[in-house]
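Worksheet: the structure to be examined is printed underneath.
Chains: A, B and C, in written order; residue numbering restarts at 1 for each.
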Amino acid sequence: METVADFLAALRRGTLSARAAVDLALQRIAAADPALQAFLAVRADEARAQAARIDEQRAQGQDVGPLAGLPFGVKDVICERDHECTCCSKILKGYRPPYNATVIERLRAAGAIPIGRLNMDEFAMGSSTEHSAFQQTRNPWDTTCIPGGSSGGSAAAVAARMVPMTLGSDTGGSIRQPAALCGVTGLKPTYGRVSRYGLVAYASSLDQIGPLALSAEDVALVLPHLAGHDPQDTTSAALPVPDYCAGLSGDIRGLRVGVPKEYFVAGLDPEVRHAVQAAIARLSALGARVEEVSLPHTEYAIATYYVVATAEASSNLARYDGIHYGARAADTRNLLEVYTHTRRQFFGDEVIRRIMLGTYVLSAGYYDAYYLKALQVRTLIKRDFDAAFENVDVLVTPTSPTPAFKLGARTADPLQMYLADIFTVSVNLAGIPGLSIPCGFSEKGLPIGLQLLAKPFDEATLLKVGHAYQCATDYHTRRPANCTDLFDEETKE
Amino acid sequence: MAQYEAVIGLEVHVQLNTATKLFCRCRNHFGDPPNTNVCPVCLGLPGALPVVNQAAVAHAVKTGLLLNCTIAAFSKFDRKHYFYPDLPKAYQISQYDLPVCRAGWLEILLNEQPRRIGITRVHMEEDAGKLMHDEGGGGSVVDLNRTGTPLLEIVSEPELHSPDAAYAYLTTLKQLISYLGVSDCNMEEGSLRCDANVSVRPVGVTTLGTKVEIKNMNSFKGVHKALSYEIERQTKAVSAGQAIVQETRLFDTVQEKTVSMRSKEEAHDYRYFPDPDLAPMTFSAAQVEAVRATLPELPRARKERFAAQFALSDYDATLLTSERAMAEYFEATVQAGASGKAAANWIANNLLTALNAAHLTLAQCRITPAQLADMIALVESNAISSTNAKNDVFPVMFATGASPQAIVDEKGLRQVSDTTQIDAWVRAALEQNPAVMAALTSGKAKAAGTLVGAVMRLSQGKANPALVNARIAELTRAYLPPPPEPA
Amino acid sequence: MISHTDIAYLARLSRLAMSDADLAVFMPQLQQILAYIEQLRALDTTGIEPTAHVLPLRNVTRADDVGASLPQAAALQSAPQVGDGFFCVPAVIE
């Protein structure tokens, strides 16, 4: 009983009540989380009450929704009414939104049960979850390593089987990279596929909410209940949402797979290269036609990303000024000090770096040289993908150049940390969907992720390929050692 | 000594009277308890997103057409960043380089002469909240009800050269925009706000002098006074060889002068960039023409039509078209059967006087155009006298909204034109006035005139005055001495 | 290359109280990142349209219909200082 598919089958069959599903998740969180620190807050009573209502309604024969009783975790960047939402920043300590994000409304309407808030890098800025102001989440496969980021809590909670599904957000790789580093499946949907209403903005033109789970099939089960047009989000697409499960045939014969040569360059860890090449060979063996393609502007992606993302961030984070919500510095003598002290005192250093960088690239005299230039390069990067997808159905790349690194290994060098986003940021700049699935392990037993990319709004093909690969491999079913013990414990009862 | 001329450009902010705010569905309404017309969007809460109000866009396009602007084929919203407690996102959603409308003009009348003033641009933006100094607490307080109210910023070219011209520009702009019905344009209530850029230069020079921005003017008269003061101040300074400092000055409404803000403002660096949360807007030529077709008849055209169609004086036609509501009231009255001349007289002379005295607007008037037309019909059919109409019927209609027929019936005011009855009153009047009788018999025919008042009193004002005159003449003839025989 | 003055200006513009010690830490980091970003200048982008939105969205609007606002208490529930239904701030004198 660990995947979304397991839970939903048992819940529908009636062999598992919603109440029991919630209790199971709470039990696993209690057992695994003290060592991993993925959850910031768990709301046992409220989740049990919602589960009890669902069980009662189901007993009365009412329609309880397609995900009824499914517990899930929420990254601390998505608003839930009256539940503290801090984005793991001291500046939002105590902030309780008076409204639900659209994805929360939709998942709740489908019967899913939010069970707690998940740790992340402050305001989703980071690749290791070390920039959380509150706690350090650890990688379930090796607790001396980072879980990836910024959705580190979301990835660790799924990897450790605490909950079958979590929500993350991805601005430059923040779902896919931690999914890869924790050995789970994570989808960054097409920009506009899932409503951003209620997602605290980091970089509005890049941000997208997506699910993390144990398999492509699980993602396919959940995605229809997140996706679709939302009149409250101007940038959400008014397109129909397909039945993603219908395409999970396991058959990818004739599928055209592109391998961008620019993603297999110096800096790519040999173990990662080996695992990804093996995965490509596996896809070929399953009947896919593999060919090399070129995305010539890849080398400019990180520079472009850090201009666009920080510019938007400097704007989106201007509102945290100690006036209308969140923390306000004490002992200030005037309004200016309320602003400057609050922001200096309660933003972490990484956030401050990005605000200053973003302010710089938008400031008088620099806009054209940096921001406008970056938007032009963004066009070139997008065109690279458009051209590639004229000849192939999916692109296959590594998700991260290395497996999970040790806690503290890179915190001293911000630029090095940024460069690790090399394989993920282009996807956000182009707005296309990306899926990370487990494709092997390093010698030290750390998971390695495979990234699949497709045309805008073609999540169906990503999930189809991911599912076919997972039908032929078992990387996604392997558990970190400590939670194997936990599951053995349950089996004995 | 050189002669100087002033160069003035005006930036006018107009609040649009949409039902909801520009980017959220909160009510666009004033006078409610603080922070009650607010939602996650206009509070700037993390995660909330703006969605554009289509009515506000339509209003902007209409206003642009009214001001003879070109409507942009492609327009977008940008974020303008600055920190202030009444701006919860710390940026205002505005338009930077691609406003909805640009390059138009407004015709004003200056010394009876028409003059075109260029309109640089008209753009959409959201209003900020209200920051008030808290008298008791020593701090300031913020109400965000106004946050997100749709505004149009209308920027004129620096083509105004006197306070009178600026005043004429503002009154004309207000009249036209009110006509369009997209805003109340009430400067006292803040639905129209105006900042001015002023500089002076020697006559004949074509380059601009150093400009000063004036804020805090809260009436059209205030604008006039502030500009007069500022032009004089700058002219004196320049004449004395002093340099003008580029700065922002506030108009002190008590002392009626402009004062330097003094505070050392950081040079503005608003860091505009396209708002990623909003989609650009496009306007095709066909769409623009469709909107143009919905524009109402404007004051000047309407005035000319009224003068021709209803044979009104220039004065009456101007008065009746000065506000759209009044022009529509007049036309509705005519539509209901009144003659143009009578409707114009009653509206211009009686209705407006009564409204002014009661401090009411036409919208609050309880007399419907149909009722006014009915009353005019009663007068014209001699059912009531115009004196009764004016003194007894109209005031009751105005106060209660009752129909003129009901008032006439209730008060028994229906005019008496029955000759037998009038003759009886005339005879009674003669009997009561022996002096008149004596005068008549002694040949003073004019004495009969003094009977009119007596007859009207006897009839309680109901006798038809024309008939009274005729009957008095007829019945008193008998008392006059026979005319001398022709020699 | 970004200077001490530039950074102090950015700190003021973004309302961050930065000590000289802070600036000494952030300046080399920002310099290093900006130096990396400089590589974009090498790319010829003449005539390339900027991409502000990846989706070709146009004219997304809503009807002018009134929706629910928040109760005052909910609007103010996370504010650091409130009074009489208002947000409270230190005196702002114009």
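Worth a mention:
As a convention for this text, a contact is a pair of C-beta atoms (placed from the backbone, for glycine too) under 8 Å apart; a residue touches a chain by one contact, two chains touch by 3 or more.
The shown structure was predicted, so the numbers you read here are calculated from the model rather than taken from an experiment.
Distance from the centre of chain C peaks at B, each centre being the average of the chain's Cα atoms. Relative to the whole-protein C-alpha centroid, the nearest chain centroid is that of C.
The geometric centre of chain A is 23 Å away from that of chain C, both derived from CA atoms. Look at where the CA atoms of chain A average out and do the same for chain B: the two points lie 57 Å apart. Chain B and chain C have Cα centroids lying 42 Å from one another. Multi-chain contact residues of chain C (touching two or more other chains) are listed as 13, 15, 52-53, 57, 60, 62, 70, 75, 87, 89-92. Those residues of chain B in touch with two or more other chains are numbered 40, 43, 51-52, 83, 85, 142, 144, 269, 271, 276, 278-279. Shared interface positions of chain A, i.e. residues touching 2 or more other chains, are given as 95, 97-99, 205, 231, 234-235, 314, 318, 321, 323-325, 335, 339, 359, 363.
In the complex of the two chains, the chain C residues touching chain B come out as 12-13, 15, 52-53, 57-72, 75-76, 83-94.
On chain A, the positions that touch chain C within their shared complex are 94-99, 191-192, 205, 231, 234-235, 237, 297, 299-300, 302-304, 306-307, 314, 318, 321-328, 332-341, 343-345, 347, 349, 352-353, 355-357, 359-360, 363, 369-370, 372-380, 382, 414-415, 418, 429-431, 456. On the chain B side of its complex with chain C, the touching residues are 18-20, 24-27, 33-40, 43, 51-57, 76, 83, 85, 131-134, 137-144, 250, 261, 266, 269, 271, 274, 276, 278-282.
Here chain A touches chain B in the complex through residues 78-79, 85, 87, 92, 95, 97-99, 101, 196-201, 203-205, 231-235, 311-312, 314-315, 318-319, 321, 323-325, 335, 339, 359, 362-364, 367, 371, going by the rule given at the top.
Residues 40, 43-52, 79, 81, 83, 85, 88-91, 142, 144, 269, 271-273, 276-279 of chain B are the ones touching chain A in the complex.
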